[in-house]
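Chain nomenclature is as follows: A, B, C, D, E and F, assigned in order of appearance, with residue numbering initiated at 1 for each chain independently.
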Amino acid sequence: DFKSALDEVKPAFGAAINTLEMCRLNGMLNCGERHAHIQRTVMTFVEQVRKSERTPLLTCLLEGPGGSGKTALAATIGIESGFPFIKIVSAENMIGLQESTKCGMITKVFEDAYKSPLSIIILDDIERLLEFVDIGPRFSNVILQTILVLLKRSPPKGRKLLVIGTSSLVRVLESMSLLDAFNVHLNVPQLKPADMKQVLKELNVFNPADIDNAVTALDEEIPIKRLLMLIEMAAQGGDEGANVYKGDHKIELAHFFEIVGDHIVFRN
Amino acid sequence: DFKSALDEVKPAFGAAINTLEMCRLNGMLNCGERHAHIQRTVMTFVEQVRKSERTPLLTCLLEGPGGSGKTALAATIGIESGFPFIKIVSAENMIGLQESTKCGMITKVFEDAYKSPLSIIILDDIERLLEFVDIGPRFSNVILQTILVLLKRSPPKGRKLLVIGTSSLVRVLESMSLLDAFNVHLNVPQLKPADMKQVLKELNVFNPADIDNAVTALDEEIPIKRLLMLIEMAAQGGDEGANVYKGDHKIELAHFFEIVGDHIVFRN
Amino acid sequence: DFKSALDEVKPAFGAAINTLEMCRLNGMLNCGERHAHIQRTVMTFVEQVRKSERTPLLTCLLEGPGGSGKTALAATIGIESGFPFIKIVSAENMIGLQESTKCGMITKVFEDAYKSPLSIIILDDIERLLEFVDIGPRFSNVILQTILVLLKRSPPKGRKLLVIGTSSLVRVLESMSLLDAFNVHLNVPQLKPADMKQVLKELNVFNPADIDNAVTALDEEIPIKRLLMLIEMAAQGGDEGANVYKGDHKIELAHFFEIVGDHIVFRN
Amino acid sequence: DFKSALDEVKPAFGAAINTLEMCRLNGMLNCGERHAHIQRTVMTFVEQVRKSERTPLLTCLLEGPGGSGKTALAATIGIESGFPFIKIVSAENMIGLQESTKCGMITKVFEDAYKSPLSIIILDDIERLLEFVDIGPRFSNVILQTILVLLKRSPPKGRKLLVIGTSSLVRVLESMSLLDAFNVHLNVPQLKPADMKQVLKELNVFNPADIDNAVTALDEEIPIKRLLMLIEMAAQGGDEGANVYKGDHKIELAHFFEIVGDHIVFRN
Amino acid sequence: DFKSALDEVKPAFGAAINTLEMCRLNGMLNCGERHAHIQRTVMTFVEQVRKSERTPLLTCLLEGPGGSGKTALAATIGIESGFPFIKIVSAENMIGLQESTKCGMITKVFEDAYKSPLSIIILDDIERLLEFVDIGPRFSNVILQTILVLLKRSPPKGRKLLVIGTSSLVRVLESMSLLDAFNVHLNVPQLKPADMKQVLKELNVFNPADIDNAVTALDEEIPIKRLLMLIEMAAQGGDEGANVYKGDHKIELAHFFEIVGDHIVFRN
Amino acid sequence: DFKSALDEVKPAFGAAINTLEMCRLNGMLNCGERHAHIQRTVMTFVEQVRKSERTPLLTCLLEGPGGSGKTALAATIGIESGFPFIKIVSAENMIGLQESTKCGMITKVFEDAYKSPLSIIILDDIERLLEFVDIGPRFSNVILQTILVLLKRSPPKGRKLLVIGTSSLVRVLESMSLLDAFNVHLNVPQLKPADMKQVLKELNVFNPADIDNAVTALDEEIPIKRLLMLIEMAAQGGDEGANVYKGDHKIELAHFFEIVGDHIVFRN
């Protein structure tokens, strides 16, 4: 079933974009200047790979706390690059496979990319690809060594490749020499109050006058994922949740406070 | 025997409910406001999954000390949800199977769920699914990685899934990144004196006048499981144990004190 | 040879009792009030399982120092229960077998028990079943997980089961979550001077006038096994050892002191 | 596929030189006196192996920080030696192979070399050949032992061999007894300001008047790899990046400062 | 070759005694009162097993420093017992065999013994049987568990068995619960000056007048093995070494001192 | 290929001596009194094995820093013994073989030796035979146990065996109980200034008047291997390196100092 596993990974352009779109299901919101700067920077790398003859390979790591939007960002860049080969390597397609099968699949993606003049490979959630767990710690050294070598191996003459990795465990990657294997690494942060207000304004689920107040109920920094989940829960309170997003009515501040403050429900 | 193992797991609605009923054999008693609040909260999640188009996947962990009623609670929610697909994943059905077989079974349950519009999966006693033991510590990393990925993988378009996990080892789950893989976690507590009195009143095995006194013999906090076991032992003292529950006669306070205070019988 | 191994375990009632009798070859002596209280308590559990409809499963651990009489006690309870299915699970019948074979055998015993209305299973010397050794420490996690799950799995409707475990390493069992998996645990102690006198009186191998003196030569606490071994060695001193037990003549105090005090022979 | 793997390694002189040229794609620049001295020293070893009858085997390690030019230096020496057998052993050609296959390939290279009167073997990035990772740490002891023995085994009479190793982890190699297995080891350093100016002058991408200023923006010591990457990024800023290297126009100091100072882009 | 391995172990009485004789090639010398007391004590155990009906199994460990004469002592007792089944279990006959094969061989020896009315099994150099090494530490847990169980398993009715173990690592055996698995353990010591004089007198290789002086050159305590080796080396000094033992001439004190005091030759 | 591997080890007397001569390719020089004393001592052991009837087995370890001449010394003793069976067991002939194959080969050498009346086995570089690495540490316990047993097993009647081991890691061997498994161990030291002068005089590559001066440039203690390597490098400086050893001209002191003092070339 290695064979059939590989088939799933076969580059089929339309399918690839669909997979990338799945990573940002409800669309992209403006998360503030820091997120925007990261996106612009990586787009520069896209251009460098496209144009420079001296850059056959560029590797870039997006790291930051869980739920801060790394995968959505990488997917967006892939979509906007317009490169003919774009591929996301994710543990979701490799559940239960053996280490060596996973290595074969990852290597296959790189070798497919070497056949295209311009390629982007997204190594999503590298700690999951490595089967990492902090107790021990344990991980697949076979997969690690494969990635370490692939991140430094130049594509053949005339082919160019941009690799974008994502990870929430930058310190772990560092102790594995994986951090140094990337040319560049960028930190994707949690949202600060100003960023949250931006997001809430764009979502339009509170009365504009309530937004500043709503944000005071939240921690100083939270990931975009958590902000969206809290709003979603608060949106269930009314008569018909779906209407909130359509603008039919707004989330009540008091109800939002109740949900955020419920001490038996702990965070994520 | 992987095949035959899978057959046992095949979703058959009636059978599923029977299995859930087995988790609360002697019925559910009122365990006080904290238990009730948890139950209400998780029922909100059931509604959110049923109604919201933006929540294809919601994951929630019930954690707390051994015997505090987590599995009974999860089973009750499953039964009350009325969802067409409800499945409990438990180590009891996987005794002696190999890691990879267990992974296959767990993955199969999720893939079956993806075929139903609304599903609940209960991952019961996650530390047992992971074959965890504190010496070492050791556990199955293959199973852990499978669960970590499944807890984040969205069901296909139009399918919605609520995952309820239970565990007594929340600190261990945290160090495995499993805690952060759940959207929400709730603590199911031991009973406090007021909760115990509530339970004893409902059981009606003491003279009402004795209940306050009986509770003073117990620790400040005990799990529901232990309270029920002590009553059961005390009920053996009389002529015919079964009659106590039928109300024929009551447990003698002195006899109850003797059992609770027996120093050679240690707790559980 | 898994097959043939299983055959040896097949429940054959008479054979089972014979095996239990082997655990107390030279008969049971009165070891004092503490031993008697433990025996009475476990007999109560036998009655609870027999009569209560709310106790399909009761699990009880006998723990205490090596040679304190745990196995003999468990065997005695099994014999006296009169239950139709009684089985001792012991490492002696599994020498050199593989972990998975052992798991299969242990599980088979439980599944056989589920077919009988009333059953007792003795898990003897749990650390040996687990292949435990303190260096490392190492043990079979596969067997441990099997036992952890079996200790909590309810028999099918209408079947009732009492599990009695024995172990000298209660702290180890605790760190494996095995202690909490038992409903009750009881400590089987070493003998104190009063208990030793009781035993010596019953054995009738000293002149009654010598018993108090003989006991002063011994440590404050020793297991029954060691007391019997020392007497056995002292009994070799005379013309014909066997006669001592028949009452033909008594052990000389001086000879007893010499054996107990021999500094090159260390204890067990 | 061991067989086919070996085929890839077959010594074919022209191909070998092509592989070596790949290690210094954009040509060699003057990196200052320290780099030059190392190159002269290793060329002396080349001569010693060529001429001395008492030196059938000489082994030399180039160690230094990541990106300091070790591989490019080793490749250059190989090319300039004019020896009939030159081979680079690199993890890039062994991705995903098993330890024993890798050992077979490495041993095969040495045995091929023993058939040539004069040979150079480059063991590139020894930590990668060993599948080393600092967590644990883990590595392939089978491959390590193979290399330890091969580094000390004399070629047959009349055959002479120079082994050049490269590594960024000299402390690790030391604790593996690998450092002592080499006759000589040389440190390939990062560039100091004077060296950087030399490189920038030769590249001719800044106005000569700007070079001293440009260097002040950089750390006291950086590897050649990083200097080249920063220039490459800065070269993208203008109308047409490629022209900078052709001398059409120069990098603006301000633009260079901006790139070097961008705090969200971390180093490599 | 498990089969053929077992054949070598088949009990053939004459062969067994020959093997035991090999353990004390040059005959037994009087090593002083402490050695004599141990021998007498173990002979008492031989009698107890022979006569008592209450002692089907007795297990006894001889422990002490390397070369102190444990194996020679065990062999001597075996020979002198006159029991119909005597078997030495030694790592020398199991070189390179797999753990499970070794377990099978050890178990086979016990099962053969169970067929004889009176048996002695010598488990020689238990740490070697266990493949123990202090780094790690590592050892075969499979073999350890096999021995732990066999040391406690009673022979069938009417069969009696004395097990004699030897070991130089009593602390290690203790931490493996192996020490407690023996009924008795005895310490076989190094020789003290008085013991050495006894041995030298019996050997008659010095002038009687030189013996006291010779002993002053030695450490306060040395094992019998080392004393014999030093004498053997000193015996080479003269015209014809062999004559010393035949009494033709004596070892020169000065020559003995030179050998004992040679600082480049370290001890064993 | 176990079979074919064994064939390589087959004792063929001429071949054996050739292999030993390979260990001292450029002849033996006088390394001073300490080396000479060791050689004389081990030759005494050769005589003891040859003549004494009480010494069927003698085992001796040569330990000391890397390159101090242990292997050359062992080879020389083997050659000079004139014994009919001499065999060197070295990792060089076992590259890439599996542990069990290596064990089989080592055991085969001992069993071949048991067929010869007088034998010498050299276990060269024991840490390499054991696949030892200090990280972990790791090594082959199977090979270690094999060697531990073989070092103590007596050859059959009438056969005599001298085992000479070499190692640079005496502390490691001690912690493996390997040191105590040898009857004797001798330390082969580095050269002191007086020894170096002796070697330089015999080599005749300096003007006699320069020798004292040359030695001042060196460390207080260096192994013979390093001294010879430094001279070899210095010999390359002149017009024609080979002439130095033929006495055509001498090494210039200044050139020697330059090589010894080159700070970028680190030691071995």
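We adopt the following convention: a residue touches a chain if its C-beta (ideal position, glycine included) is under 8 Å from a C-beta of that chain, and two chains touch if they have at least 3 such contacts.
None of the values given here were measured: they were computed from a predicted structure.
Looking at the partners of subunit B and subunit E together, the chains they share are C.
Counting only chains that touch, the fewest steps needed to get from subunit A to subunit C is 2. Chain centres were defined as the mean of their Cα atoms; on that basis the chain farthest from subunit B turns out to be F.
Rotation angle relating subunit B to subunit D: 120°, from a CA superposition, given to the nearest 5. The most distant chain from subunit A, with centres taken as the mean of CA atoms, is E.
Residue numbering at the subunit E/subunit F interface overlaps only partly, since under half of the positions present are found in both copies.
With centres taken as mean Cα positions, subunit F sits 34 Å from subunit D. Subunit C and subunit D have CA centres that are 68 Å apart.
The set of subunit D residues touching two or more other chains is empty.
If each chain is drawn as a node and touching chains are joined, the picture is one closed loop, every chain linked to exactly two others. Here the chains link up into one ring; start at subunit A, go to subunit B, and the full order comes out as A, B, C, E, F, D. Note for the complex: subunit B touches subunit C at residues 22, 25-26, 66, 91-92, 95-96, 128, 131, 133-135, 138, 229, 232-233, 235-236, 240-242, 245, 262, 264-266, 268. Residues 34, 37-38, 41, 44, 47-48, 51-55, 100, 103-104, 107, 137, 139, 141-142, 144-146, 148-150, 152-154, 172, 175-177, 179-180, 182-187 of subunit B are the ones touching subunit A in the complex.
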